[in-house]
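Okay, handing you the structure first.
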Amino acid sequence: MTSTRTMTLNMGPQHPSTHGVLRLVLTLDGEVVVKCAPHIGYLHTGIEKGLESKRYQQGIPLTDRMDYLAPLSNNLALVLAIEKALGVTLPERAQTIRVLLTELTRIKSHLVWLGTHALDIGAMSVFLYCFREREAILDLYEAVSGQRMMSSYFRVGGLASDLPPGFEDAVKAFLRTFPDRLAEYEALLTANPLWRQRTIGIGTIKREEAIALGLSGPGLRACGVAYDVRRAHPYSGYERYSFEIPLGKAGDVYDRYLVRMAEMRQSHRIAGQALERLTPGPVNVADPKLIPPPKPLLKRSMEALIHHFKLYAEGFSVPAGEVYHAIEAPKGELGCYLVSDGSPRPYRVHFRAPSFVNLQALPKMVEGCLVADVVAVIGSLDIVLGEIDR
Amino acid sequence: MRVCRFLRDDPDLAFDFLSDVTGVDRLKLPQASPRFEVVYNLYSLQHRRRLRLKVRVDEGEAVPTVTGVWETANWHEREVYDLFGVPFEGHPDLRRILMPDDWEGHPLRKDYPVEASPRWWEEEPA
Amino acid sequence: MRLDYLPILILVVLAALFAGGSILLSALLGPRRPDPEKLSPYECGMEPVGTAREPFSIKFYLVAMLFIIFDMEIVFLYPWAVVFKQLKLFGLVAMGTFLLVLLAGYFYVWKKGGLEWD
Amino acid sequence: MLETLVIMLVKIGVVFGALLLTVAYMTWVERKVIADIQVRLGPTRVGPYGLLQPIADGLKLMFKEDLIPSQVDRVIFLLAPSLSIIPAFIAFAVIPFGDTTTLFGLLSRPVPLHITDIDVGVLFVFGVASLGVYGIVLAGWSSNNKYSLLGGLRSSAQLISYELSMGLSVVGVLLLVGSLSLVDIVKAQAGVSWWFGLLPVPNWFLFSQPVGFCIYFCCALAETNRAPFDLPEAETELVAGFHTEYSSMKFAMFFMAEYANMITVAALATTMFLGGWLGPVAPSPVWFLGKVFFLLFLFIWFRATLPRFRYDQLMGFGWKRLLPLALLNTAVTAIAAVRG
Amino acid sequence: MELLIFAGLALVAGVSGLLVVVQRHAVYSALFLILTMGALAGIYILLDAHFVWVIQVIVYAGAIMVLFLFVIMLLDIRSEQAPWAAPDRGRILVAVLLSVVLLLELGIAVARRFVLAPAGGPAVARNFGTTQTVGRLLFTDFLFPFEITSIILLVAMIGAMVLAKKRLT
Amino acid sequence: MRVPLEAYLILSAYLFALGVVGVATRRNALIIFMSIELMLNAVNLSFLAFARFLNSMDGQIFVFFVMVVAAAEVAVGLAIIITIYRNKETVDVAELNLLKW
Amino acid sequence: MLSSLWLIPVWPLLGFLWNGFFGRRIGKTAVGTIACGSVGLSLLASLGALGKLLARPAEARRVEQVLAPWIGAGNFQADWGLLLDPLSAVMILVVSGVGFLIHVYSIGYMREDPDYPRFFTYMNLFTFSMLMLVLANNYLLLYVFWEAVGLCSYLLIGFWFEKKSAADAGKKAFIVNRVGDFGFALGVMLLWTSLGTLRYDQVFAAAPAQLVAGGGVVTAITLLLFLGATGKSAQIPLYVWLPDAMEGPTPVSALIHAATMVTAGVYMVARSAPLFEMAPLSLSVVAWIGGLTAVFAATIALVQTDIKRIVAYSTISQLGYMFLGCGVGAYAAAIFHLMTHAFFKALLFLGSGSVIHGLSGEQDIRKMGGLRKHMPITAWTFLIAALANAGIFPLAGFWSKDEILYGAAAGGYGGVWALGAAGAFLTAFYMLRCYYLTFEGRSRVEPEAAHHLHESPPVMTVPLVILAVFAALVGFVGVPPEHGAYHRFVEPVFAGAKQVAGHAASVGEVPMAILSLAIALVGVWVATRFYVWRPETPDRVVGRYPGVYRTLLHKYYVDELYDALVVEPIRRGSLWLWRRFDEPVIDGSVNGIGALIRVGSLALRRVQTGYVMSYVLSFIVGVVAILGYFAFWR
């Protein structure tokens, strides 16, 4: 008599464990989730619309605000799409720096995920440890761009500037300590029976369902699908790096956890390789239509001055047409669809935000779980509302 | 729909992964009619191939939904509906997704009044 | 022997005074600026939806019921433990029988799902 | 007669004061220790090393607005914090914190260092502790908030579940001692035995009742709502806990009750398993306090380390694992006691 | 001194006992019942029941009343109408009258049987009412009832379980 | 000053009578139950008083068993009340006539 | 250990409770383990008790323990009391020991049965009841468990109650037993009215003083008690239920025949020896009934073709020997035979069970033969049991049976001795016949049964082997006859009784032993001649005496006789009563009363509101009234 009666429970939008302003309407039978309906849009900022009114180079800072835990990945997606439309190729050094920084970004994003995920399940110390590491990466960000979070460091056709002196040593120092730290966190969690009890068999999703739902990134790989854009469609020279794609089997919270932990190791490995590859050279394409000439040149070359003026007055234009370019962001496949009408402003920009798609899988994952598990599952999806709502 | 199903199930094509669905308002482009273009980005995990599928409709015309083929299309199509006002026929749950339920207009249309201040919406009903 | 309990009485009074005192103190010292929003129950920032009560009742009841039964058992265990050195094997058998019977109930409840929280 | 009375009152006063002080400074210690573990600094601003932090906290709470939400049951709402703090304080009455003392010869005859020693000391502690449930249940009920109610019910169900195993875990010790008086229990742990003729080990029940101690410690964590059993306070998923609606000093009282309980269970553990005040060289209260603080440190350490149970897992652990284990421990001890 | 403490405890027990019966809300009844039981536990100490008093606290106050409170809260019973509502008045009057008669009878019985019993009772052995004594008796002279107790508890456990799990439609 | 036996007995009788009043007058099944507990407590008090004044421990042991019975009774009784409540949504005994058939 | 005698019966009780409540849930393995374990534990406890008892001097080997007062109405007093003396020590050993082996065997035998838990539940209850029966220290308790044993046998015989014959057999056992029990109950009542106590020690102490030896009262008491014994122990005239009891599962038969139920009667008579010794008439009745039963049942067994029935009739016959022994005052010998019999009879049953199991349910020995090749262990153990039963030196049966016969001869009961000797010959013959037809010679097994023919699993054969060892060797505890370890242990119990009987050693022991052995050997020889050397002889013999054969085959038509004499008249009478008396008179008055009550209750109905409060109120009125009575008027 009593058990057939269900109750509706509101979780969020102001709830500490929903990672932002997500609102879930849960239908419960006892404590078992029967239905879960996510409500989004509380953070809608109109980035896609905004980009239409910005010139190409100006649009980059807007993308920082999407996945604010991995701004450089967002920059990269846009920049690569534009470069694809323009058909330019970057110098070696620029590509290597991009790889290095996006992999650091991936580590940084995963660290925040690990910390909050662990905190949701009650392991509070891990949270603080993770933020300590994240601080180190933020310091590196600051060093290259002057900004800690919204760095907007990449440019169409290259980078905002070359690396500052001493940067490589700083990265090296970080990479030296990081594996041990990571092992420490794993020691706190991976084999911990409590942690396993809370995560194994929770929020399971099958391989076929995951594909049908368009899951990407660690969530998909935890189901055993070896899809990684870096490997499937290499960009920025990823084909030249050796790394593995960690896979899971069960597709539950624990596997997603393991996959991300392993990804951090792989990112560390790629970053190390990138550091070795770092040879001196230009960081921008030698195309004055895209990249403003160096300051001293302005005083000597008229041509340079014109280019400079043109660039800053109306920007550059992209040939009419459309491109789709996807990268492997920390959260999954981040695609950028760009339609150009030949003007200096994009006609239409659309981002395929991985969190948006991944969140769609949440109802399927939590149905049949307990309410307390919902938090664990959300944590394991690693969503960022800024990216979902754009 | 049949095309979609074929694209997914044919072993030589096997576009089992729907990356993305989005829309373009072609109002200010050449060939502006039909006005809207719904773009499907397909991907084949097996063959590592991408495919872009486009459907063009005019104002008020509906696009058949592909949620039956790729479940993930659900939210994507809602987003297109929300931001462009393109309805999808047979969609299980066609509601606004990003904008509040009582929002007026579709922001990503090219004729959406960006400068005008929007009518502030009511407190969301409990 | 009864005198041993006097300090406990005093301590009870002391603790009660402390508790009452601090409530009183904060009531006197703290400001009072009530408003309806502040005084309404906390519900995650949303208006409450439905009631939370019904589906949980039986489990809580069962837990408390089992607690009573086992509490009784423990209450018997204490005097037993205290005189155990004199009872020896006899005590073991007597308590063993007692416990076996209760364990039968315990496993019955277990098998019936009385210990599950779902 | 008068001297006895005075001594008694002095002892009560000292214990009460010390308890209050310890409670206050436990918050500071906890913050400092956890901060240390988490490579942070913890409180530093108020006083040297933030030493005045607890006092500042207390003052702040005292001057906070004392919110009484509308539609609550006022009487019980006010009563609940008191009901939770009074038992927490009086449980300490029977715990011996030291051997006898003459206070460096100041007193004419040795005075035992405990407030009182009653025949049923162990049961007294458990009985009084079991009264603490009321504070929680009533707080949850009177708040007129469904989260509070559920939180209160859940916490109290947790408390009573673990109370059972806690009660059972010490039966082994009682079997070996044959008395419920805590003083007797401590005295039974005097002396040292030699393991393999080489290793001197004190006759603490920790070594003869390791399983009992482990069970006790688990239950103690659960009874005091500490990690990994800290659902009542930290379960963010569904319920915010029984004291959601409490503020100001009333909230502080729940807080103090929790820490006082923590100290009590640690003190009881010390008495029952760690030989109480016994120890060489240093004066007995020092040993007692040292052991208690060691246990408290363990409490804090666990909190900094472990993730949290889910509620059903928590109840299952208590009923399906700890309870049978505690019974088994009792049975094994009894059989061993009969044979040897 | 003893008389004073007794008087105090008896007063608490008596008044709160009365309040148990006349409270409108079950939660208050339960609270006053706990108070009554607490006061009685104190009186038990005066009666040299050194073990029983703490059992009273643990079992009655610590367990039974918790179950009561749980049930009250789970059922969420709001106040019933005033116990002296009109339709019940006749019955209540009869009941109260009967109780008064009962009390009188008991009083008379006490007076007739036990007048002049020495105050304070006989001197008892030092171990009267201690855990040891209770344990020894319980496991010798009262062994059989003790074992039967387990059956009672078993039956209660199973009965309550079955009842609580049953879904009547 | 020592306390005479009569004092205990009268207190016990008084509490017992209170319980009777409660059982007979209240309509809330839970309160009726509590009144029964009150009566049991009153009886326990008598037992202990007699035990003390007759210098025999039997009364104390008996109190033990009374408590067991009380515990069992509460467990089953409240289960019944819950069952009834789930069917009838009330615990008012005036609205329950299940004994009639 | 002796202070906790109650441990012995309590284990099967716990097993019973546990399996009864949870048997369905805990799985077969657990059920079997619990059942066997509980009996095994009580076996251990019994052994412990025996050890403790042996450690005491002979005159102190008597422990009595009152667990709890039971009934104390007026001057009637009965307790839950246990008594351990050598007699009950032997009995508990037999019950728990043989019972344990049978339990173990059942694990294998009943493996496929869906009602496995129920079976073991009953078995444990059975064991418990029997242990309590032999450990009781007074007649009332004895009676209670006497009934309980009857109930268990009813439940177990009718275990496969879907089968009509099984259900009928169960009912038959119950009803026939009822007749005996009725006599027993009367005997107990008479005992109490005449002596005012039911405690053994008090009874036996008071009897010589308060009753006239050989007088009517004591004779009546003992005869009534013996009536009970004939019921329980299947003696003439109440033996008819036992062969039918074969309808139960074989382990049940083994348990009933060997260890528990049927021995209850013998035990009771032996226990009451002091009373019987005071009533010579009863003693001779016991002896003659025993002897007659021994021969009577043996003759029936000669021609039966159902393997279990043969064994069943042999049980009746052997029980006859025991009573014969009791009747001639050789109590120790009777109990000795009881003990040896328990082993070899259990073995016989389990062996035949094993055969039946191996033949997929075939019980007819005409459809067996030559099985030794397929089931060697069963065959060898069965042979040992058969020879033991036949009384072949040096197997167990020889020593005990010889002692009984010697007792009869020495006591001067010539006629009885002759019956016994005849029985011994017949026993040897039919046992060997059974063995030969089953295990030797040409196979007559039905083809499809032959197909599955197999030796039983170890869980069944191991108990067989253990029992075989005991059946072969246990007789030696009674060597030398009359003075063996066994006798030194048990004899003192009957010391009091023996004074009356005395011993007139008119014949030598050794010659008597040789004589009885010779008789048995003749039986063996005849059987061998009939069924091995000249297999055609039996048919010839049958052809010559067809009337005798048919009579024997139909068990002397006793069942038919009972039907005609008892069952049919009762049925007719009842019918008549129903028609002539029941319907008009009883029904009429009942209906009248019913109508009256209906009218009355309509009036009372208004009181019956169904509201708890009203009931409480009236309840209080009652309390006040009663208390008022005590307060004011007393």
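Think of it as A, B, C, D, E, F and G in the order they're written, each chain with its own count starting at 1.
Throughout what follows, a contact is a pair of C-beta atoms (placed from the backbone, for glycine too) under 8 Å apart; a residue touches a chain by one contact, two chains touch by 3 or more.
The structure presented is a predicted model; accordingly, all values stated were derived computationally and were not measured.
Asks: With centres defined by CA atoms only, which chain is the most remote from chain E?
Replies: Chain B.
Asks: Taking contacts as defined above, which has more of them, A-D or C-F?
Replies: Spelling it out, more C-beta pairs touch across A-D than across the other pair.
Asks: Nearest whole angstrom, what separates the Cα centre of chain B from the Cα centre of chain C?
Replies: Computed from C-alpha means, the inter-chain centre distance equals 57 Å.
Asks: Could you tell me the distance, in whole angstrom, between the mean C-alpha positions of chain C and chain E?
Replies: Computed from C-alpha means, the inter-chain centre distance equals 18 Å.
Asks: Taking the mean of the C-alpha atoms as each chain's centre, how many Å separate chain A from chain F?
Replies: 67
Asks: Taking each chain's centre as the mean position of its Cα atoms, how many Å separate chain B from chain G?
Replies: Centres of chain B and chain G (C-alpha means) sit 89 Å apart.
Asks: Chain C: which residues touch two or more other chains?
Replies: 1, 5, 43, 46, 49, 51-53, 56-58, 60-61, 64-69, 71-72, 75, 78, 82-83, 89-91, 97, 99, 101, 104, 106, 108, 117-118
Asks: Can you list every residue of chain G that touches 2 or more other chains, as numbers and ranges?
Replies: In chain G, residues 613, 617, 620, 623 touch at least two other chains, as defined above.
Asks: Residues of chain D that touch two or more other chains: which are they?
Replies: 118-119, 123-124, 149, 153, 160, 163, 179-180, 311-312
Asks: Provide the residue numbers of chain E that touch chain G in the complex, in ascending order.
Replies: Chain E residues touching chain G: 91, 94-95, 98-99, 101-102, 105-106, 108-109, 112, 144.
Asks: Which of the residues in chain D come into contact with chain C in the complex?
Replies: So the residues of chain D touching chain C come out as 8-9, 11-12, 16, 20, 61-71, 78, 81-82, 85-86, 89-90, 92-94, 115-119, 122-124, 143-150, 153, 157, 160-161, 163-164, 167-168, 171, 174-175, 178-180, 240, 244-245, 248-250, 252-253, 311-312, 315-316, 319-320, 323, 327, 330-331, 334-335, 337-338.
Asks: Give every residue of chain E touching chain F within the complex, in rising order.
Replies: It comes out as residues 1-4, 6, 10, 13-14, 17-18, 20-21, 23, 26, 29-30, 33, 36-37, 40, 43-44, 46-49, 51-52, 55-56, 59-60, 63-64, 67-68, 71-72, 74-75, 77, 80, 83, 88, 91-92, 94-96, 98-100, 102-103, 106-107, 110-111, 114-115, 117-122, 124, 128-129, 133-134, 137-138, 141-142, 145, 149, 152-153, 155-157, 159-161, 163-164, 166, 168.
Asks: For the complex, give me every residue of chain C touching chain D.
Replies: Contact set of chain C toward chain D: 1, 4-8, 10-12, 14-16, 18-20, 22-23, 25-27, 29-34, 36, 38-43, 48, 51-53, 56, 59-60, 63-64, 66-67, 70-71, 74, 77-78, 81-85, 88-89, 91-92, 95-96, 99, 103, 106, 110, 115-118.
Asks: Sort out for me which residues of chain E touch chain D in the complex.
Replies: So the residues of chain E in touch with chain D come to 27, 31, 34, 50-51, 54-55, 57-58, 61-63, 66, 69-70, 73-74, 130-132.
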